[in-house]
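I've put the structures underneath this note.
Two complexes follow with subunit A in common, the first pairing it with subunit B and the second with subunit C.
Now for the complex of A and B:
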């Protein structure tokens, strides 16, 4: 494979889903923080809650659509984030080499990774489980707080809060690293492709085992 | 609490129910249960309570999933202090719904009937016992007789025995203090329709401080009456300034020269009583059954069923049957008014032995006021109501699910089918 070639990392369906996540989860995170601390006036808090509810509906529609329209991608994603090996422990031992790179300007050996590195896999697990819990608890808190067992609604409130905090914190890290890995950022936001060389370095297992040249693709 | 509460008489407790801003999530669950729209604050914003609209029913309190709603009145320590004062007889007036709920606070199965253990625990704490079922029997005799009087007045033009005016039909029950406050603040034109009979709690307080002075051999000023109720609004009711009947009576009898006292001094909810027992190291679940040998613990089945929606109506029908026909009802169960349907109605035809004619009485039973009362009230106000007697209880299912009952985390007060109500406004 030529060195100046680009390879497709994020297909259109994934990029579309990601756009919807940006449009729904970012407002959800911001309004969620406001709803927790309640710093605004009655009218402003009301508007905040309305935005939160509307964004929640958008998030639910985006997730449901992706699940049904790109089921193969969902299965692949789940398979990838839950495939754990010793390499993941080694990756976490050096935190993917990022602190050394960012703080010490030093490059340390990092175990070879698949399409997602161990940190991204952990983020994926949290997004999958935390996001599902957020959506489920959000609908209960919005539509049924009066009609469900009181203790259950209270539990849903706690689940919503904890999952919201965890995912918002992850979001901050995700945004930082997303911009730091600018080629991947461009791929997700624009054309879906990353340079072959970068993929070979960052996701060597993926490139070696899964990526095939278009010329070899018989489909 | 509002700085200026406009819908309260002097002495009444305003702002009995309040919302802790730090715990409120603005989810609007409480608003679904409020019969008067007293909950303020938009969806998402911290909620508050409009004291002037609030009925003190406590449905928001027992329904808030986040424990943000609380009571501002707590008489537990005051009652304990009186129990320790040997010169005072502390009379516990136990409502029917308390005995089937308080066991939950001591780890017993939900719905356990613990009358004997409750009596035993109260005796151990130092209470004299006046079962409110006894007073409920008094109430129903008054309320049933009043219904007959109103019906005979409407049908046969009969005048009252003492010349006082007779109220219009439909007669509305008056034992639910939240309902009475609803009428007074939302539709005062209906006040003449309310039964003039006091609630069982207030009758019990009056009896305790009049007849009870002979039973306990104490002046009324040394009798401290404690309503033990499933209801937060009963605290408000006891604080109403007009409820000093015992004092007025005793004064007329020249048995009273001191300052005025209320018929019921304080009210404890079921939750409060459980807390009192725990403070006094009394474990109700381990107490032996006790049966007090006193007239005030005698009662009929009519008083017992007061705590359920339809209970007052069923008891009233039994009484009306006996008074009108001069015979005892063979089957005392009147099933059309039982169950959790929002508005239940029935007709009973009774032979009025005095006039030798059949009288048909149309009855309605309403509970869960937040959802069911408006059309009933509108019909009565418009003069279109088909009913002659309407029982109203504020809380879903009646006093059994009152705002002062133990809070069951595995349930909610919602008695309709589960349906979503997505808040927006």
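Now for the complex of A and C:
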């Protein structure tokens, strides 16, 4: 029965990386907001800064490990998020049909998408570039501010702040839509698998062009 | 297929060799260029520090009095007024206290 067919959407390496991102980026976002608004006492702000730095080191290790241990996934991710076509414009014109579905309970035609829809691609590009900028500027601000000219350190501070705000805002949307698309949420958090029929509806191009029966993948 | 509990997977050859090499080249460039830029920025900072150090050495060479205890005015102060270095009167007059003014900065 086609209803029971499953596709492995997120392999173990990707899920592991995602767990480490949850463990490191969520504390970074929360402590980053606290560091910006400074609502706590001096001692509490000092502790917040220490947690922010420790989580930053954890994020760096997670990203570097994934980069070296699962380089093929990195290449695949970059290829997918930077593959832009006219369908992406059409997708953004109807915002993937989500507002209509959420607010009006109406289904509108949405262009066929690959593994990631256009919104996820945009998020992926921001995560890739913004995350790299955050890690780079964070290390300069925390580890080597004395080794750099004052103007450059100040520029890195601005870059860190802007990239942090943008990614934190994106994170809020990502968390909401992540839970809304519950099968995909379960796939990323638990077992990596997604029902074939749902994937065919949400990511028809991916299923048609990139997904193969497991029997064909045996060497 | 019960051992896998899934029947479909991604084609491992979804990226062609040409795409793999192109993307690797772009990644290498995006890693190398900031590294070179930051190295040159750090070097320029060192150039400022070295110029400043050189200037201080030149000042030292030009100076006739290089240490505070050889300063004629300081010596005269202790001799005619302050008594001895770290004495009671000098401590009272010269010692400063820390006042945290950062809270007033807003």
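Points worth noting:
Throughout what follows, the second predicted complex is superposed on the first by the 216 of 219 C-alpha atoms of A that agree within 3 Å, B and C clash if a C-alpha of one lies under 4 Å from a C-alpha of the other, contacts with A are read in each partner's own complex, and residues count from 1 in each chain.
In the analysis below, a residue touches a chain if its C-beta (ideal position, glycine included) is under 8 Å from a C-beta of that chain, and two chains touch if they have at least 3 such contacts.
All values derive from a computational prediction rather than experimental measurement.
Clashing of subunit B with subunit C is the outcome of superposition onto subunit A. After overlaying the two complexes on the shared chain, residue contacts for A:136 are found with subunit C alone; subunit B is out of touch.
In the superposition on chain A, contact is made by A:149 with both subunit B and subunit C.
In the superposed model, A:78 lies in contact with subunit C only, and not with subunit B.
Once the two complexes are laid over each other on the shared chain, residue contacts for A:193 go to subunit C alone; subunit B is not touched. With both structures placed on the common chain, the touch criterion links A:43 to subunit B but leaves subunit C unconnected.
Of the two partner chains placed by the overlay, only subunit C lies in contact with A:214; subunit B stays clear of it. In the superposition on chain A, contact is made by A:52 with subunit B only, not with subunit C. Within the superposed three-chain model, A:5 lies in touch with subunit C and out of touch with subunit B [touch as defined at top]. Superposed model on chain A: among 200-208, 308-316, 380-388 or 416-424, the stretch of subunit B in collision with subunit C is 308-316, the rest showing no clash. Within subunit A, the residues touching subunit B in one complex and subunit C in the other are 144, 147-149, 152. Of all residues in subunit B, only 25-29, 32-33, 41-46, 63-67, 407-412, 414, 418-424 touch subunit A in the complex they form. Against subunit C, in their complex, subunit A makes its touches with residues 5-9, 72, 74-76, 78-79, 132, 136, 140, 144, 147-149, 152, 191, 193, 196, 209-214, 217. On the subunit A side of its complex with subunit B, the touching residues are 35, 38, 41-43, 45-50, 52-53, 141-154, 157. Interface of subunit C with subunit A (complex): residues 1, 4-12, 14-15, 19-20, 23-24, 26-27, 30, 34, 38, 41-42, 44-45, 48.
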